[in-house]
Amino acid sequence: MKRFIALSSMLFVCLLAQANQLTMESVSEQILQAESLHQEARTVGHGWVVTLKLIEQAKAALADDQLIKADELSKRALGTALASVTQSIKEKRVWRSRKPSS
Amino acid sequence: MTRGTVCLVALLAGAGSASADPESDRQALARYFEQRFPDVEVAAHIDGAYALNAQTREQWLAMEDFPPYEFSVDDGEVLFGASFKDGSGYQDCFGDGNVKAHFPYFDLKEQSVVTLELAINDCRVASGEEPLAYDGEDIALLSAYMAFTSRDSVIDIEVPPEGLAAYEEGKQYYYSRRGQLNFSCSHCHMQMSGMKLRAETLSATIGHVTHWPVYRLKWQEIGPLHRRFKECNEQVGAEGLEYQSETYRNLEYFLTYMSQGLPLNGPASRK
Amino acid sequence: MTVKPVKIRGRLKGVIANIKCLMPHPMETGTRRDDAGELIPAHYIRTVTCLHNDSEVMTAHWGPSVSKDPYFSFKIKTASVGDSIKVSWVDNLGETSSGDIVLK
Amino acid sequence: MKTNFSRRWFVKGLAAVAVIASFPGAAFARATGAFKADKTDSVVNVLFGDLPIEASSQITFRLPDIAENGAVVPATVATEIEDVTQIAIVIDENPNPLSAVFDIGESSVADVSTRIKVGKSSVARAYVKSRGRVFMTIREVKVTIGGCGG
């Protein structure tokens, strides 16, 4: 849970920072964040297909100098990546409730 | 990661809760489906969704009358009968091929789950052959032939105390929500089993592993269980894993125990 | 592609023989595309000929809309034990294959 | 015994010659045009010319109401009508509606089964030709997964 809070605040700070200025560096940093969160979810079997797709699209937009589009896409990637990590954390706790009781 | 998870699971398992007992898990699940489908015998679920939908069953039976996987079985027989460079062959590892009832098993030395596909490659490597690709045709054909020679044998696997953690990991995987659609395997194949998801009747958990590999009309070829795992994952927006990855092998281990005592009926044709 | 033989099963019920065959063949329509987006050329069985003791009893003419690895079953009126059944096909590329059985 | 196949359409072209050559003596009647037709009407026109089409309840046309998979739809046509020389299966909505034509020899039963592709939900027709008359029956088949992409 601590980790979850840390991750969420990281995301928050990161989004705040973005509000001010949009640079090549800030957007690539954002993509890196999304990638790292996605990797986090993936290693526990909770990667989402959509995150990877968004990350790829964001990278392509960035490579194409479409900063605003890349920013939007990577924000969405961050969002789904965070949701997937949240899912993995929550499921560790609740999965047992679904099995039929012996 | 997995080591951490496995440790955690092992701890939980070691706590002596009834949930760590595969046999009581199996019985609870069987009861669940008996109550859900009072008119369907548990053993009938080896036909998957065709046990639950009379209309599609009729078409399926028409397919099974002379099924397209017969060629795969024939081709698999040829592969199975071929000799390795050192003169040995699959028969030296698997006899006549009727061994599927005892797979997967937990290998104490390797401390991991060994599926039939893994054993096929172990057999090859021991004789100096290259392992086959798990997503390739040859391994599907070989396992199709071995499924055929194993038909009607009753699933009889063991979960030794050392294998409990792997079994539990498979179980956890089965019951955990995944993907953007936020579905677990059990949502579709327990709570929604027998119902329709678009045009598909959802099959029951029990019987899921008995009929593999499967000639899927959608694939237009025969393919392994793990291909279906991956497809299921992707259908809920989750990233699929590698065929024969540790997690998929553990999932197969759990699912196979849930079908313990049922006859093997592979290969089969499916939608 | 290696051309595989036709797989045939026959069952006698009195004098009626029920013949079932399965023919490994891609049955490409010519409208599908491969992973690279290229059209896969049409490749399908056009004619299936069935012989009962060397005389022709049935011919099937197919377009590409017969399913992959075609299945075909038919019945012969006056058959008996020991009769031979042969089924052969020709596809649009001129490839051929066949299979035969003796009724038991 | 020779079968009495219709000789209405002799196929032109080299491919046809090759096919004929590989079946010496086979009565041969491949309706290339009928398979290329893109409308059921044209198919029927090539196959049966001006013969009137009579609806018949004597044809058993087994086809699923809802196809499991459009790529592989089991189809059976059988009839008690005597002296049947030809059976045809047509799927209206397929790009080329004609799926299969069977020339039924004297010593064959008018009872054939195969598996066909059905691109989308469609009217399906089975035609039976006997003694210069053509009978037809209609079924409808629903397809939820197309037979073409799969």
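Letters A, B, C and D name the chains as they come in the text, with residue numbers starting at 1 for each one.
The definition used in the following text is that a contact is a pair of C-beta atoms (placed from the backbone, for glycine too) under 8 Å apart; a residue touches a chain by one contact, two chains touch by 3 or more.
The model shown is predicted, which means the values in this text are computed figures rather than measured ones.
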Centroid spacing, where centroids are CA-atom means, of subunit A and subunit B in whole angstrom: 32
Geometric centre distance via CA averages, subunit D-subunit A, whole Å: 56
Euclidean distance of C-alpha centroids - subunit B vs subunit D, Å: 41
Multi-chain contact sites of subunit B, meaning residues that touch two or more partners: 220
Subunit C, residues touching no fewer than two other chains: 68, 71, 73
Sequence positions of subunit D contacting 2 or more other chains: 71-74, 115
Touch-based graph of the chains, sorted into line, ring, star, complete or other: other
Interchain contacts (touch definition) - all pairs: A-B, B-C, B-D, C-D
Contacting residues of subunit C [partner subunit B, same complex]: 4, 7, 9, 20-22, 24, 68-69, 71, 73
Partner subunit D, residues of subunit C touching it in the complex: 16, 29, 31-32, 46-47, 49, 52, 55-68, 70-78, 88, 90, 92, 94, 96
Complex contacts: residues of subunit B adjacent to subunit C: 65-66, 68, 70-71, 74, 220
Contacting residues of subunit D [partner subunit C, same complex]: 1-3, 5, 15, 18-19, 22-23, 25-31, 35, 71-74, 91, 94-96, 98-105, 107-109, 111-118, 147-149
Contacting residues of subunit D [partner subunit B, same complex]: 64-69, 71-74, 115, 144-145, 150
